[in-house]
Each structure stands twice: as structure tokens, then as C-alpha cells.
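Next come two complexes, and both contain subunit A; in the first it sits with subunit B, in the second with subunit C.
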Partner chain A sequence: MKNRLLWPIVALVALLLLNLIFTPSFFALRIQDGHLYGGLVDVLKNGAPTLLIAIGMTLVIATRGIDLSVGAVAAIAAAVTCVHIGTSPDFGTALAGMAIALVLCAVLGLWNGFLVAGLGIQPIIATLVLMTAGRGIAMLVTEGQIITVNNNAYRQVGAGFVVLPVSILISLAVLGLVAFTTRKTALGMLIESVGVNPEASRLAGVKSKTIIWTVYVFAAVCAGIAGLMISSNVSAADANSNGLWIEMDAILAVVIGGTSLAGGRYSLAGTLLGSLIIQTLTTTVYTIGVAAEVTLVFKAVVVITVCLIQSPKARAALSFRKVAVAS
Partner chain B sequence: MTALTTRLPSRFLPVLATVVLFVITFGVGSVRYDGFASGQVIANLFIDNAFLIVLAAGMTFVILSGGIDLSVGSVVALSTMVTAAGLRAGWPVPLVIIAVLLIGSTLGLLMGLVIHKFDIQPFIVTLAGMFLARGLCFLISVESVSIKDTTFRDVATAVIELPGGVTITYNVVIALVVVLAALFVLHRTRFGRTVYAVGGNEQSAMLMGLKTGRTKVGVYVISGFCSALAGLLFSLYMLSGYGLHAVGMELDAIAAVVIGGTLLAGGLGYVLGSLAGVLVLGTIQTLISFQGTLSSWWTKIVIGALLLVFIAVQRGMIRDRR
Partner chain C sequence: MTESPPPVVEMRGISLAFPGVKALQDVDFRLFPGEVHALMGENGAGKSTLIKTLTGVHTPDSGTVQLAGDAVAFSSPGQAQEAGISTVYQEVNLCANLTVAENILLGREPRKLGGIDFPAMRKRAAEVLSRIGVHIDPASSLGEHPIAVQQLVAIARAIAVDCRVLVLDEPTSSLDAGEVAELFRIMRVLRGEGVAILFVSHFLDQVYEISDRMTVLRNGTLVGEHLTSELDRRALVSKMIGRELGALEAIEEAAEKHQADGPVLVRAEGLGRRGAIAPFDLDVRAGEVVGLAGLLGSGRTELARLLFGADKADSGQLLVDGKPLHLRGPRSAIAAGIAFCSEDRKGEGLVADLSIRDNLVLAMQAARGWTRPLSRRVKDELVEKYLAALDIRPANPDALVRTLSGGNQQKVLLARWLVTEPRLLILDEPTRGIDIGAKAQIQHLVTTLAAEGTAVLFISAELEEVVRIADRIVVLRDRHKIAELDGGASLDEVVGLIAGEQLPEGVAS
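Right after this comes the complex of A and B.
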């Protein structure tokens, strides 16, 4: 376990050190109006939606699945909530809007689960359907407009503070909940067994299909909450850009964290590290003053490096060379 | 005898279904709108989707081998950027073309090597390739760069007149040549048959003594080359280079291949199916623009629904085979 998390930790520490060199003020924390401010807090706040989606994605990937539709689901959640709230400043309306959106997300998750577990379609393709159609649905809801809202209760989800940003508190709470329910009960092991071999698990008495349905519903609800965070942070829903490519970031976070795409084992701590690495990378590029778009190049380099280091074949090649040098 | 008659239709069924779908969608358009069933509308289908045809042809190789290439849209963008920036710097057109094709093929080669040598999932490797190519675009320029080179513009605006007053561009000719070449390689060369074998069952292919490694790397080189070529066609079509060109085009290409009846697990499918898939996507877009009152997002919803139908059909086919 330690071994698997070693390299992600090294990468994160290296990134933070890089920040320390370029912008010493990065680590400065200050308290203002009872809120914590600073570079690290920004990383946590901006990384919250990715972390939340990555948690859901971790469980999906553990069952040897993948969910490409989370970005589109996030956009739908944002669109539905903002359209429901409209011009109302009420607390109740915001709550109702969010509840409707999350129920809808659960239904979308059921749909994914139905395609994967019910019809037995490859996850990557099954969720591609909703990834393509979902953004169209979100635009249908907003009629192609950017919906702005002015609702203080809704704003709290993404932009609020209780010492720390509310969004990261939500993500960490979900992480804690998932860690508890999957690691302190047999659920985590069952999920992993489905990832290793769904048919064998079924024969061993595990309800494989129910577990697969559950993880897709959970991933969709996580995506929905993340969509709320993203849109609430700017008090607007943009069906085109909300959650765009967040599925890719989330998958990267999971993979960097050492969870294999082949399923069968997962690491929630790894996912947390992976999300932090991705967000720190993005923030670092901003603070160093390189054009924001170039972040993509760095992301590509980090992904390939971490994947190579974790790949058994690459390791074997590396250790072979070491042995050769030693002898 | 019975084995032959029952096997042939089931192999060609998805492609046939796509062609029928194309005829139906086109038929619906012809009945409902005046001027829809004209030669020029069909020609425009090819003109507006030439780059997608080339992309889908390359993607067909990768998916047939059981892989996937998410980087194609970004490589298209990078190619438009290199073309525009190269021409702006005064490079001669042939040099630009060679540079673009080399960059695309090299990216494909690198991704293929990483996938094969280190056994990392194609999904993740090509995802990194997607980020890398798009990031490189912005390293060249964050702004859109327009193409002012006269030779390039002449080729872009030149039209070929077909009998009946229908005109096409050189893009269409290139796209069709690519499809023919892909057909030849897949069905008339050893490499092509190995692609099918690797997609069908990599282990068996290796035990049969086929060069699986070379083939697996080769399909990504082909896809990279096709993406670069599609990028050139796209620069001819848009006459500009921009890092935000072709966002999400990899999904269109994958959708076209799937709608064209290629099995995503690999081993079964045809380039002509992918061509039909692109034409179906193009017809839906044309239909929606002829309709006028339907908004553009309906395209996405319809494509999603079509994907679903075709995946369900494929699923049924696999069950039948078993």
C-alpha cells in the first residue's frame, strides 16, 4: 500500500516545492472575516469538484468500469437547478432545485447502470451515449442560454466558507463517508471482487449487478453535486462549459492515485492525492505566469510519467538496468 | 452452404443497417424539404465532412485492433496550428504539409510505443496525447492564426465540376482516396489482416506467430497520420489555425465508427461502414439546419440516441454469435 502511494506523494511534494521556489507567498495562510485564505486554500477550493467526481469514478473504475458521462451530468445538474431557481432569492427554492437536480442525476446514473449491468454493454461506450446526449439535454434545459441566478443560499455550495470553503468540506465529508462504508464493511471488498471477475463474484453469491448499478448511481450523484459547486461558484449555469473535460481530470486523478483501470482494487487516499496533484499543477502554472492553456502540456507529462513509473513493465526495464549497472 | 448464407448477412448486418439508416434519413429530408434531394446537397455532405471521413478511417484501424484513440481531435487542432504558423513564417507549402504529416505520425508512433512497450491502457495514453497536442497548440499561439498564403487559399477555394453542375473541392477527392487506401490496406495486405486478428483475440494472434506488437503500434501511426491529414483538410476548410479547433471531434469520429457498425471490442467492422457513419451524422446535421426551427443541440441528442441503438444492435449480434 505504502509503495503504491509513494510516487504520487513524491510528485505532489515536488510540485509544492516548485511553488515554494517560484512564489514563496504560496504557503502563506491568513484569516480574514473568519475565513482561511491563501494559495493552499485555493487549491482545495478549486479542486473540490474534481475530487468529488474522482471519488465516484474510483468506485466505478474499481468494478472495471468507467464513466465518461460525469461532465455532462454535472452540466445537467447545474442547468436544472439554475432554471428552477430562476430569479428567486428564496432558500427553499434553492434547496428544492438542488434536490430535483440530484434526483435527476440519480436517474441518469440508473440509466448508465442499466446499460452496463442490465444490457452488458462496455462501460466506455455505454457512458459515451450520455456524454454525447447529456450536453444536448443540458442545452435543451437552458435553451442554449447562460442562466444567471442571484440566490445566496445556492451561492454557499460553491463559494461559501465555514473557515474552509464549503465545497471542499462537502468533498472531504463524502470521501470520509465512502472510506468508512467501503473499508469498515465488506462493501469495498465486494466492489473489488466484482472488478476482478463479475461472473465468479455472482457465483460466489455477490450481487454483482446491484453493486454495478449502485456505483454508477453514486458516481452520477457525485457528479451532480460537483456540477452544483461549479455553477454555484459563479452563480450561473453554462451548459456548454460546466464540467467540460472534468471526466478526463477525474479519471487522471484516479489513475495517478494508483487505481488500475483494469479494476479489482482501488485506493481512495490515492484518489485524494491524484486530485490534489492535478489541481496543484493547474494552480502552479497559473502562479508561475505561463499561459493557462499550456497547463495541458504539463498534465500530459505528469500523467505519462506517473503511469510509466507505475507500469510493471517499465519498472522491470528500470530495475533490470540497475542490476546490470550493479553487476 | 447454410453456414455461408447465415454468416454473410450477420457480418454485414451492421454496415447494411447504417446504409439503410442513411437512405431513410436522406429520404425523410427529400420528402419534407424542397431542394434536399439534389446532387449538390450530397456533394456538400462530403465537402463539409471530408476531414471527419479521414479521421474516421484512421479511427477504424485503431478500434478494429481493440484500442481507442482519444487524441485525434487535438492532433487536428495542432495540425491546423502548425500549418497556419508555418505559412505565416513563410515556409513553402510542401514543407508545411510534410512537417504536419510527420508530427502527426510521430505522435501516433510515440503513443503506440508507450501502449505496447509499457502495457498502459490506450485510453490513458491517448488521453495524455490529447492534452499534449492541445497544449502544444497554445505554446505556438493562444490566438487564432489566419491563413493568408495564396497557394493554400487557391487550393481551398478551387472546385471540381462534376457532370450535372455539381461541384466538389479537392478535400473530397483526398478523403475518398484515403478511404480507398484504407480499404486496400485492411483487406489486401498482411498488416490489415493482422489488425483484424489482433482485435479478435490478441493472445491467439500472437500464438499464431503474427507480429502483434508491430501491428498495435502501426494502427496508432496510421491514426496519427490520418489525424494530421484531416488537420490539413480542416485548415483548408477553415483557413485558420486555432488551438480550440476540433474540440470534441474525437467523439464524432468514434461515434461515426460505432454507428458504422464496427465492434468496439475490436475484430469486426469495415471502413465503408465508417464512411456511411460519417454521412449519417452529416445528414442529421443537414436535416436539422433545413428544419430551421430545431436548435443545434438536437444534433447531440440525436447522435446519442443513434449510438445507443447501434450499440444495442451490436450487443444482440454478439449474443447471437455465442
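Right after this comes the complex of A and C.
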């Protein structure tokens, strides 16, 4: 287990050090009004939604599935909440809006679960439906407008601080909860069992369908909370851009963390590291001043490198070459 | 032997260790052209590992491999194949979604104008198939054919190239008698052409019928190389298991029958499923072993799957303790105390990437639901108990099941169901592809369970085995139940029924 996490850790440390070289004050932390500020805190704060979605994605991927609809679901959650809040500054209205949004997300998760477990549609196609349609739903909810709100209670979700940013506290709490629930109960083992061999699991009496259904609902709720964070941070809901392409970052985070897309054994600690790597990478792009037009290329190069150093074959080839050069 | 030609393959001092296991230690192996050489040993003795070392799947930690006198070090099966070493593995490793012709010539398709020349490919494939007497449409998709035919296609694929060495790892485990005879005919033809054939089988009859020479392995070490004609069976078995013939005696012991007059536990009334098995009646009593005999494809597995709810019946009903039970799926069968060990260990039985511990408790945990996890202590007790009771090796609960040998995997699967203390245990081919020691243990276990009151439905392609341990034998042919014989039935009677002879008088049909 430790071994598996070694290379993601190396990659993260390398990225952080790169930042330190370009921005000597990157590691500096300062306390202002009881809040912690600094480059590292920014990474945590901005990475919170990706981490949260990646947690849900980890469980989905462990069952051999994938959920492409999380970005769209995040946008729907943001849209529903902001429309509900409208111009109200009330705490209660914000809370009700968020509750309605998350219940709706759970329903959307049920829909995905129905397509995958109920009808047996391949997950990538099943969730592609909501990935496309979801943005449309969000547009309908917002009537194509960017909905701005001015509600202090809602602002706390994405922009608030309790020493650390509230958003990262939420994500870490969910991470802890999931780790506890899956490892202290038998859920983790059953999820892995379904992911490794669905037919053998069925014949052993595992309720494969219920488990698959559960992970899609959970992933959708995670996506909903992430959507709240994103829109709360800017006090606005934008159906077009909230959570756009975040599913890709989340999938990447899961894979970098060492969970195989083929399903089966998963690593939540790996997903945490993967999310931090993705966010640090995004931050790095800004701090070292990569030109906007090559940003994506830069990201791609780093991601490929991280994937390669995790591959035993690639490492063997590299070290072989080193030996050959030395001799 | 001084006059024999130089060996085509010579392996010397091969050692290979996996994490925690010394798979091979200082093993020598030779293979001469124009001979069938049997590689013998129990499960986990290192047969498959040695083969994989020869074919480039594994790289040995030490030792040398020579092919026709030249030192070679294959780093992939492809390289070994180019050098003339073709392999057919125990499990069919083909692509079910491609056609037969594509499978046979995958990677060496005839080409025309930069594309694949499909007519030429089908023609070439048909030639290869007819060489081994298999008459199927090369353009049909492989998945449509039964496993036995797929196995023959795998052999066709292996001999479609000019091969100097043909490795057959358990090629006969899913073939019926006629198909085995056909395979042996092919092997003799190839042997006559000077091909060196390395043959692995757990069927001693077959080994003695076809092989010229044998190498015996035990626990990853070389026991010896012998001419088949100079080593009798008892001597071979004792070399394989490394002790006196206790295991064989255990099988004899298992032959003791016991009277089953317990209450009817499970009754099928006209249970059937179209295309799988015609409606049948069946009673299984507590404490009896019911054997299912029939050829491959006679409906053995299909019958078992209906009793377990793995497939849904479309006619008839199932009664447990006299009360109708509507099976919605395996879960309701499990709740009624029915357990099913699938013949397809890899595909439908074990969860290869999970540990022995997880696999062992899976069924019990699934029955409890995820919210009521078994405590670590209970799990450890169960695992410890069954690792010892079934002699599962390695006795390391954290070892991944994928790393175990076939016999030990089978035992883990059995243990998973024993943990649930089933009332009816359905065993589909529990002894296929496993060594004689493990086989004896499993047969012994079956009789012990029955003596303790468990009903066992025992399915095996080895009729001797069915006749030996079953208290009652149900005979199937062409997806119909054709007869039920009591435990005193002889092998001849069963074979006669299967072969389609008239029912002897006095036998209930």
C-alpha cells in the first residue's frame, strides 16, 4: 500500500518544490483575522471541489464504472440553490436551497444507477446522457442567466474560513467518513468484489445492483456539494461554466492515485494525493507564468510524466538506460 | 538413451521466486524432438511456472534455457512463439468476440494490398481445423462455440505456425472422451513429424496412454525424469505426493456408501428452462450425495444453476422442506441454505484480486449485508479453521487468490460455502484440473459432509468419481434427465445410459 502511494507523493513534492523555486514565499503561511492564508492554503481551498468529486468517483470506478455527469450535476446543484436563494439574505433560505439541491442530486444519482445497474447500460454511455442533458437542465433552471446571490450564509460553504477554508474541511470530513464507512463496515470489500468480478459476486449472494446504485447516488451527492462550493465561492451560479470538465480532473485524480479504471481495489489516500497533484498543477501554471495558450500542453506533459513514473515498466526501462549509460 | 538426438529444449538450474514463495528451485528439464513429455506434479508443484518460464511469461532468477543448443532468454510469449514454442494454456485464452479464423491467425493474418485478406484467412483456418478434424465454420464467432471446441481452436492456433515445441497445459480438462481421442491422434501425428510436445494433465490414464517420458516436480523442486514405460502408477503417485499412498487410500475410503433416509430437503417438480434443460423432477435428501452424470453439454451445469437460482426457471417449481420457494436469484437460494460452487472458478467463482480472507467470508458477509461486518476476530477464526481443515497453501490469509494454484483456489471457493453451513451444497466439477492429493481431500470432504447431514449434489465429468462417491446417480443426456440409478450402479451401466443404450430393466426413468 505504502509502496503504491510512493510515486504520487514524489510527484506532489516535486511540483510543490517547483513552485517554491518560482515563488519563494509559496510555503509561507500567515494568520489574518484568525484565518490561515498562503499558497498551500489556496491549493487546498481550490482543490476541495475536485477532491470531493474524486472521492465519489473513486467508489464508482472501484465498481468498474465511471461517472461523466458529475460536472453537470454540480452545475445543477449550483443553479437550483442560487435560484432558490434569489435576493434573500436569510440563513434559512440558503439552507433550504442547498437541501433541495442535494436531494435533487440524489435523484439524479438514482437515474444514473438505474441506467447502469437496472438497465445494464455501459457506465460511460449511461452517464454521458446526464453529462449532456444536465447542462441543459441547469440552463433551464437559471433561464440562461448567471444568477448572482448575496447571502452570507451561503458564502461560507465555498469562501468561508474556520482557521482553514470551510470547503476543504467539508471535503476532508467526507473523505474521513467514506474511509471509515467503507473500511469499518464490509462495504469496501463488497464494492471491490463487485468491481473485480461482478458475476462471481452475484453468485456469492452480493447485492451487486444495490451497491452499484449506492455509489452512483453517493457520487452525485458529492458532485452536488462540490457545485455548491464552486458557486458559493463566487456567489453566483453559471450553468455553462460551473464544474465544467471537473469530471476529467476527478477521473485523473483517481487514476493518478493508483485506482485502476478496470475496477477493483481502490485507494482513498491515493485519490487525496491525486487531487492535490491536479490542483497544485493548476496553481503552478499560474505561479510560474506558463503562457495561456500552452497551459493545456504543460498540464498534459506533467500528467503523462506522473503516470509514467508510476508504471513499473517505464521505471525499469529508465533505470536500464541509466545503467547502460554508466557502463 | 545415448543414441537419442540432442534435446530441443534444455533448461538447467532454473530458480524463480515470487514474493513469499519459492516457485522453482534449481529445476532441470529436457525435451527431445518427437516425444510427448508429461510434466507431472501436484497443484503448486511448479508445473505452470516452469512452462511459463520456458515460454517467456516469467524470467527465471537464475538458470539457463537452451533451444536447439542455443541459449535463449525470451522476454515475451511472442518471442517464444517466433522461436517455435507454441502454447495452449489450461484456460482458453482467446477472444470470444472474434471469429474462429481471426483467433487462429491473430497476429499473422494473411495480407493483401495492406489490408487483411479475409477469404485467404478463412481458407487457411479451415485447413488448419481440418488437420485436427474439427469441422466448424471459420467465419463463425468463437463465443458461439462450447468451451471444448474453443479449446480445439486454441490448439489449432498453436499448430497453425511451424512449431518445434508444443506446450499443452491441461488441454483435456474440458474435453470429453471422443475429443480427447481426437486430440491424442493429432498429438501422435505431430510427434511423428518430430515436434516435441510438453503435456500436462491430471488424468493419469491419459498420461500413460500418450506420453513417452515424464518429469516429476514437487514443491518447486525436481523429483526426477523417467521413461513412462519404466515408472508404474503407484510409484509415480508416491513421487508426486512425496509420501506413501495415504491419499489413494483416502479415495478408497471415500467409496464407502451410506444410507440416506433423511427427509426430502429440496424437491424439483417439472423444473426447467428452455434451451438449457428440459423439465425434470428431482429429490435431494439431507445427508445424501446425488451425483450428476452426463457428457459435456448434457445439461449438468444448467440443472445445477436452476436449483441455485443463478438462472431463472421458466417452468415447474422448487420446494424446500416441502414448501414452494420462488427463487428470485442466488440470494434467495442462499437464504434457503443452498450453496453453489461454479465449475468456472475464475469467471464465476473467485474474486481474483481479493485476498484469501475476503474470498472466504464473501458469501457469509453478503448474506449479512454490508452494515453488519464480521469482526476481525471472527474472520480470523474462520480463516484459520478452514485454511487448516482444507490444507490451503500458502496458509497466508492476505495472499491474493490470483496467486494460488488451481487446487488451492478450488479449496478457497469450497471454504467460502462451507463457512455458510449450507444444507444443500452443489459442487460443479470441484475436482477438475486439480491434483490427486487435493482431489482425495475434496472427495473425502464430500462424504464427511454427507455423513453430518448435508445434502450434496456432485457434478463431475469423471464418471468413476461420480460412481464412487454418489449414493444416487442422476443421468443426463442431451439436456434431458433420462434416468436415476441407486449407488450400487456400476460404471458400465452409467456409461451405457450416457451413450444412449436402452434403459436396463427395473430402472426408474
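Going forward, the second predicted complex is superposed on the first by the 303 of 327 C-alpha atoms of A that agree within 3 Å, B and C clash if a C-alpha of one lies under 4 Å from a C-alpha of the other, contacts with A are read in each partner's own complex, and residues count from 1 in each chain.
Criterion: a contact is a pair of C-beta atoms (placed from the backbone, for glycine too) under 8 Å apart; a residue touches a chain by one contact, two chains touch by 3 or more.
Bear in mind the structure is a predicted one, so any value in this text is a computation, not a measurement.
Go through the superposed model and pick first if A:V234 touches only subunit B, second if only subunit C, both, or neither.
The answer is neither, since A:V234 touches no partner chain.
Considering only the touch criterion stated at the top, classify A:L110 as touching first (subunit B), second (subunit C), both, or neither.
neither
With the two complexes superposed on chain A, say which partner A:A126 touches: subunit B (first), subunit C (second), both, or neither.
first
Tell me which partner touches more residues of subunit A in the superposed arrangement, subunit B or subunit C.
The partner with more contacted residues on subunit A is B.
In the superposed arrangement, which partner chain does A:L140 touch: subunit B (first), subunit C (second), both, or neither?
Touch partner of A:L140: subunit B, not subunit C.
Output check: A:L187 vs subunit B and subunit C. Expected answer is one of first, second, both, neither. What do you get?
Second partner only.
So in the complex, which bits of subunit A are touching subunit C?
Residue positions touching the partner: 184-187, 189-190, 192-193, 196-197, 199-207, 211, 264-265.
For the complex, which residues does subunit C have touching subunit A?
308, 310, 329-331, 334, 340, 342, 347-354, 358, 362-363, 365-374, 416
Using the touch definition from the top, list the residues of subunit A that touch subunit B in their complex.
Residues in contact with subunit B: 66, 115, 119-122, 124-126, 128-137, 139-140, 143-144, 239, 248, 251-252, 255, 261-262, 291, 293-301, 303-304, 307-308, 311-314.
Which residues, counting only subunit B, touch subunit A once they are in their complex?
68, 114, 117-121, 123-125, 127-132, 134-139, 142, 243, 251, 254-255, 258, 264-265, 295-301, 303-305, 307-308, 311-312, 315
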